[in-house]
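Quick notes on the structure that follows.
Labels run A, B, C and D following the written order; every chain starts at residue 1.
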């Protein structure tokens, strides 16, 4: 059997939710997404902290990923303790209680012709 | 001579096959692609497992990459044991019997103006 | 508590500022962006060096990121000691006095239909 | 002073030169690019090998990057020992005699609305 896959701390410096969207909501809403794979056999609890350029970090945002499941979470949908402002640079720090793997995906629908980007998060 | 290149376990948390495509099939079909380089001197057997948000993982999907060859495989074309549903978040875990290097590429043709994204998979 | 997140030296080989932009300035200007997360508890000083294909490197460009803050800096806005030329391949080397995490993002607005790309920088 | 930056062996599994381009040549030609930073104080010699799905690898393609320089090379421009075919999956293995950092960039101009993608190569 495989041992656990991934690591517990991940960072994403390049967050930014576009101001504008085109198309239908929520399918085509511009968004940043956090993609978390928990390939392990226990549920994982994550705590997100959001960093800004000119104010104190906000968090923790709690997240849970069940054993042997993936979750794709839009940063746009994080509302507790506080919704993320649009058109504002941010970074995310993810701390999990068991190893996971984290990928970052953006879909920008500012124009009718959508554009996408993706990268692994940084395993800290 | 070079020793073997890569590692045996790779993870891709951010899979998602768009519902819509434009243009000609299969050339322009929206797809996620798995790109596997086997720079070694023996054939490599891989086993993919696909993880979902709300159901049990599905797999293994068997794959083979001959010695000193690359393979680009569309996730859309994985059908045994079960085709991947469209418009559904998934993750992929790749386990090989010898070291390989894995890159993930997406082409989204939902609009006539295509968009692409790519990242290395996570070497676990 | 977490120990410091990241590392002190980062490299980005693939810099290139497009010649053309469309839309409104500066919102829609084509740009390469450096995204730096300082999750630590002390301010970080960075020194950027820009490498070219056919001339000596230029730098250092000084940058500061306060404790527990992120900064997104457009390479287009680096002017001291010298503004970066458009349509010219370059690389960036970032050296910090404390650990940070660095992501690279490009928005290309050469056409009205924008396109984006992102990757982590290389932790050296 | 910094010690050398990077490593000597890099892999890119996801190469693919689109069949079609739009716009002006060579500025807007669809291309894959290899971006190599040599931050060191000696010239670096690289040898590229190109891997295919159904034929023997081709190479070495020799490349040189002067000390303290970057080079962005289009795979489309590699012609000796043999030009790369269009619309054909390939991988690249880069072996250098001193450490470098390698990033992979694609610009696809199949449609008038261009799209871009980038990732670090895999440091083997």
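FYI, a contact is a pair of C-beta atoms (placed from the backbone, for glycine too) under 8 Å apart; a residue touches a chain by one contact, two chains touch by 3 or more.
Predicted model only: the values in this text are computed from it and were never measured.
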{"item": "Option in B-C, A-D or A-B whose residue-number contact pairs overlap A-C by over half", "value": "A-B"}
{"item": "Pair sharing more residue contacts (C-beta pairs) when B-D is set against B-C", "value": "B-D"}
{"item": "Chain centre separation in whole Å, for subunit C relative to subunit B (CA means)", "value": "30"}
{"item": "Centre distance in Å when subunit B and subunit D are each reduced to the mean of their C-alpha atoms", "value": "21"}
{"item": "Where subunit C touches two or more other chains at once, by residue number", "value": "104, 112-113, 115-120"}
{"item": "Subunit D-touching residues of subunit B, taken from the complex the two chains share", "value": "2, 5-6, 33, 35-37, 39, 68-72, 101-105, 112-120, 123"}
{"item": "Residues on subunit A engaged by subunit C in the complex (per definition of touch)", "value": "9, 11-16, 49, 51-54, 56-57, 89-91, 93, 95, 104, 106, 108, 110-113, 115-122, 124"}
{"item": "Interface residues, subunit A side, partner subunit D - complex", "value": "113, 115, 117, 119"}
